[in-house]
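Think of it as A, B, C, D, E and F in the order they're written, each chain with its own count starting at 1.
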Amino acid sequence: MKATQMPHRADGRKPLDLRPVSIELDATPHAEGSCLIRQGVTRVLIAATVEEKTPPFLRDRGEGWVTAEYGMLPRATHERTPREAVRGRQSGRTLEIQRLIGRALRGVVDRKAFPDLTITLDCDVVVADAGTRCASVTGAFVALALALERLSKEKRIRARPIRELVAAVSVGLLSAPLPPARAIVALDLDYSEDSTAEVDLNIVGTSSGRFVEVQGIAEGKPFDDADLAAMIEAGRKGLTKLFLVQREVLEGRVPDEWLDRRSVP
Amino acid sequence: MKATQMPHRADGRKPLDLRPVSIELDATPHAEGSCLIRQGVTRVLIAATVEEKTPPFLRDRGEGWVTAEYGMLPRATHERTPREAVRGRQSGRTLEIQRLIGRALRGVVDRKAFPDLTITLDCDVVVADAGTRCASVTGAFVALALALERLSKEKRIRARPIRELVAAVSVGLLSAPLPPARAIVALDLDYSEDSTAEVDLNIVGTSSGRFVEVQGIAEGKPFDDADLAAMIEAGRKGLTKLFLVQREVLEGRVPDEWLDRRSVP
Amino acid sequence: MKATQMPHRADGRKPLDLRPVSIELDATPHAEGSCLIRQGVTRVLIAATVEEKTPPFLRDRGEGWVTAEYGMLPRATHERTPREAVRGRQSGRTLEIQRLIGRALRGVVDRKAFPDLTITLDCDVVVADAGTRCASVTGAFVALALALERLSKEKRIRARPIRELVAAVSVGLLSAPLPPARAIVALDLDYSEDSTAEVDLNIVGTSSGRFVEVQGIAEGKPFDDADLAAMIEAGRKGLTKLFLVQREVLEGRVPDEWLDRRSVP
Amino acid sequence: MKATQMPHRADGRKPLDLRPVSIELDATPHAEGSCLIRQGVTRVLIAATVEEKTPPFLRDRGEGWVTAEYGMLPRATHERTPREAVRGRQSGRTLEIQRLIGRALRGVVDRKAFPDLTITLDCDVVVADAGTRCASVTGAFVALALALERLSKEKRIRARPIRELVAAVSVGLLSAPLPPARAIVALDLDYSEDSTAEVDLNIVGTSSGRFVEVQGIAEGKPFDDADLAAMIEAGRKGLTKLFLVQREVLEGRVPDEWLDRRSVP
Amino acid sequence: MKATQMPHRADGRKPLDLRPVSIELDATPHAEGSCLIRQGVTRVLIAATVEEKTPPFLRDRGEGWVTAEYGMLPRATHERTPREAVRGRQSGRTLEIQRLIGRALRGVVDRKAFPDLTITLDCDVVVADAGTRCASVTGAFVALALALERLSKEKRIRARPIRELVAAVSVGLLSAPLPPARAIVALDLDYSEDSTAEVDLNIVGTSSGRFVEVQGIAEGKPFDDADLAAMIEAGRKGLTKLFLVQREVLEGRVPDEWLDRRSVP
Amino acid sequence: MKATQMPHRADGRKPLDLRPVSIELDATPHAEGSCLIRQGVTRVLIAATVEEKTPPFLRDRGEGWVTAEYGMLPRATHERTPREAVRGRQSGRTLEIQRLIGRALRGVVDRKAFPDLTITLDCDVVVADAGTRCASVTGAFVALALALERLSKEKRIRARPIRELVAAVSVGLLSAPLPPARAIVALDLDYSEDSTAEVDLNIVGTSSGRFVEVQGIAEGKPFDDADLAAMIEAGRKGLTKLFLVQREVLEGRVPDEWLDRRSVP
């Protein structure tokens, strides 16, 4: 299979277009930091909580911790999804996603800057139209930055806590409409695309152009080197745009130096 | 203890003032009916789901069912509340509230109008500042009406499904600032009032001036007949205002006859 | 709907008759206080346990705690009810009832009289014929008084721990046998009445004529002010009789001053 | 260690004396068969439920099923035992005991006599002073016989359903008060004996002098052949007395032929 | 029913033959002691873990603890058995078996020899062909001895920790092929025998000829004294052979005095 | 950070050496297909079970299903890991791994070849020294092939069920011993390497040189394009060797055409 980039998608986007992305700050009043990220129809509410505790494995190490929890309102989805609190356990998918979000954030913070504090990012999907884990990462960075800024104002931060920005985006390999044609590399899949994509790649990247996580999964046929390279290239383009959105909303709210203004290759 | 009504509250409201209430329709795109109710700072997102099934005890009885689930985002509260899906079970409080919401709605619908269908109202608290169970009832009626109207358009309703409106409001007995004075009957408590109230009364009432549920609980000292009468009277005033809000948002969206325009005593 | 009181019930009782009530003290040998309450066919075994601990939120506040747990033997009911220990969780109904019992008792004790102690009332239904939550409250007060008396003998009480008596009773609105007639207000429903009542009201009241909790629920049609007033009036009559039974069995076993001999209006 | 039988026990019993045993029939009104067995201070309420169902592995085999569940009220014990419904699971001990009760009963019934029916014996310990599993077996046989007799009256039994009686008793090897003396074989241990016994043997035997189960466990030092023989001999004597009690209470209530009047060696 | 011993079994063994038994030491590299026991087709991997902790009831008593956990790989059995971690709880059978293994080992160790240490024996069935609980006991003794020897080398043992050997074996009463003939007492049942045996007896015995546990269960018809005596006699013969296997593999690895070279009657 | 490949590792391997790999077929007697894979010290037992059922979402689609479960013996690890059946749930890590194994296998089979059958691969880690998820994939392919071959012999397969081979390998980016030097790309990490690696990449690849899954995670510093390319290149080399091992053990056991003898680029 040879991947390519073709011009038309169901919602009129070009293959490398993101859906419209907006991030509304301070979306919930009690949290130490919060935002609502919208990416197309997908909507995730993110709240950062700062608590004076750390997990046992960090005791007496002078470090803080960043972790995440993920949930989905039952009717965020097209069909109602049973409530995990009723089922009595979080699904494997939920556990996998919240681990990913936590790792993404820990990849760009200096945990020695906020010793003995745990910051928990609650990412709750209000409307789901694919891409919820990536939108959670992108938005969680913003909520985390706001919480850290508040800590900074309260003089509870020892050093610059954020080394660079982190965001995530999905890329898919969509079957060509007509078989002889090549499959299409498409950025930021919506639900209709996601459910039929041949390959689904999630990239968690930083504003210096590096990766915290790359996870590509073939749902049907395996993918080859050229597919992988094209998808990573597409993802990188999407990340660049997401960093712009993050910087735009955080500018003036957090110290400039946290926003890593290096140009991204 | 003799209850009375005094003029001043922390947020400037008079004793029988509701907090500002607004209901935004169609708050979530996938649900058959939905709204976002705001009552002061409290915010609850409600989604109605219609499914072709009924519980076993209704098999072959030609009736439908209405039920509710209730949840709270972890950081809806001032301090973070652990996620019930992580704890592995819904709390007693959650179970109690969702049973109350279901009973309230079943009190005003004609379940024979939608045989073999179950309508589930998911009430998820986005921001909590007391009164979440009452706001859930008031909002859930609206989301239910929208879902029923959609069923009606699809010709899946056999008769007028709604007999009258239902809403709920809390009333509290607040300690008098100076002991010789009487305790104050206050309508629609916020968190700071709720956590110190001597008595907490929730009234679920209908637009014909009747009750589906009256639940008064003394948190400290017991209350007497006069307290109870004054609280019920106050609650009735609050309900009247809530029915106005419900009618206002539903007018034009659902058949006029569902909105029960009798004057309330 | 206009409520009234009519003369005949299936078991021959008049509308405002309680079922025969008896309370047998010291029903189980190991508990610090215990009794078996019978109300008609309903039978609940209640055991009070005193433990040297308090919940975290009471640490260092010089107060004790009173709480309750509720259970039902599987074959207490007409049909066998699955064992909650097998199902792996307590039902919403169970949690709701045990919270009610605990609140009722806390409404009449002075928790500063027994600092750093928790008294747990285990209410286990041996035979169920409706009214189990109310019988649990009425009996639990007796078991609690016995346990406090024992603490008093052991000089572990600082002050008079009981301010007044507390008991509970159910009242129902039963459909009139012939429609033009009014619905009947009936006291202390049995199972056959409870399962068909239009409204079910539980009153938790104290011997000074005040209320700790009033909870009225319409199972079918909503109820109006007159119904509510009539039901509360009926409940008050039932409570008066229950306080007599409590005083009779506790007289001579606990200090007279704990038995609050004021006349009830 | 050489076992022997010595004359004195804390409660005045001789080594081979049972505690006083009584069985009260029809102890709970709703069950198809029920009794309350008292053995010394120990008290177990047993209810038999007949349901028209069988486990999957018996489908279409023309057999019925007999099973048991076991529970303990929280304050049946000297110290309060946490409620299993609150802990969310039955303990290993509970599961082990209810399996034993079910096997004991299945050992003496002809399951082809009541095809497609399941009889569940709920054994709930109201007061525990050791020997609760054995008392449960002895009492459960009585409740089962009553339920089968009721089925027989209703013509739902195809053949004689009970082949012989079954009962259970504990035997212990108690440390000799003075070391040179031999350990004492004692029948039907109470709590103070049970918690210090060197060996604990439970015998489930039938009225023809045979065994359904023999389970001997050394809590401390292992036991030898002579110990085992002496304990089994003692258990057999206890069983003979228990069969007399069972026959006495069932005589006239169930057909004589069910009571297996063979003399026991 | 009169038991006897007849010459032929499905796999050619004589009634009192064990299946071939072998114990491979050091079967897993990380454990403090481990072995793989094979008994016929049955295979159990056993790992001993030493941890510096003891259960709460042993605090400050200068004793150690020995406990066991038991599990079965899903496809150890002929048909796949659902994984207990997926079902969310250990079955009653699993809990019963791991309690038996722990008791067996505690019956032969001197817990004062390793104060404040807990040794956990994980017995995981890799292939099941009946007899897994007995093989677990026999093998767990070997793994325990290896772990204790290691503690001894590290000077963490205060006294001789093992008083004698312990092993376990099953004995069954198999229906006679032709009814007039007697049932057969057979040692060490395999799955085909176990699933049809009339009586199943497990004996946990020590190398001095004594018992830690004897558990005989009639699956169908009850058994009599003669049956029991014959089964115990057969079990004793099996144990003698198992002690030889244990001694053979441990010889040279643990101090000779731990291997209790008394002749067994 | 610029990645490179340096010559020395703790166990003497060169950076691109795999640990010794062996796969023993038919490792457990009851399964339809099974093997034991050893990769260095890591050892995983894999059993394939064929059952006549499929998940609900495949009903009436003429397809089969392949799924996996993963577990770890408690003492597979250096320190004992609590048993998931005791904890009452599978961890997020376990759920994530078993989803990965299932996806890997589904990426190379033709599910239409075995309609209405589910094949479950149980991967149980007997000894863990890192790389258990990758070894599980590599071994599970072999067990699956054996099970499919058995189905083929029984004429229950409609078409060639395997399109190509699938295996998995880990690659890590290890910190350079001396800072100015570059980090080392190392293949098939063992535990000591895995716990300190800067980046951990798992590649699931097929014998045609394509990928089913690529998952790279930075544990500390993010990685760049060059790192990613070098790690993927290394992984590809490892996979080529693993396919040789798979082909070698399966040759003669399964049809030649299943073993995809194309050369790998």
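The working rule: a residue touches a chain if its C-beta (ideal position, glycine included) is under 8 Å from a C-beta of that chain, and two chains touch if they have at least 3 such contacts.
Everything numeric here is computed off the predicted structure, so don't read it as measured data.
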| item | value |
| --- | --- |
| Target chain F, source chain D, minimum contact steps | 2 |
| Candidate from E-F, C-D or D-E with the same interface as A-F, over half of contact pairs in common | D-E |
| Numbering shared by both copies at the chain F-chain E contact, with half separating same from different | same |
| Cα-centroid distance, chain A relative to chain D, in whole angstrom | 62 |
| Length of the line joining the C-alpha centres of chain A and chain C, rounded to whole Å | 53 |
| Chain centre separation (chain A, chain B; CA means) in Å | 35 |
| Numbers and ranges of chain C residues touching at least 2 other chains | 88-90 |
| Direction chain C, origin chain B - full chain order round the ring | B, C, D, E, F, A |
| Chain C to chain D touching residues, read off their complex | 28-31, 34, 41, 45, 47, 49, 51, 69, 71, 73-78, 80, 83-90, 94, 120, 122, 124, 126-127 |
| Touching residues (chain side chain D, partner chain E) in the complex | 89-92, 95-96, 98-99, 103, 107-108, 205-206, 208-225, 228, 232 |
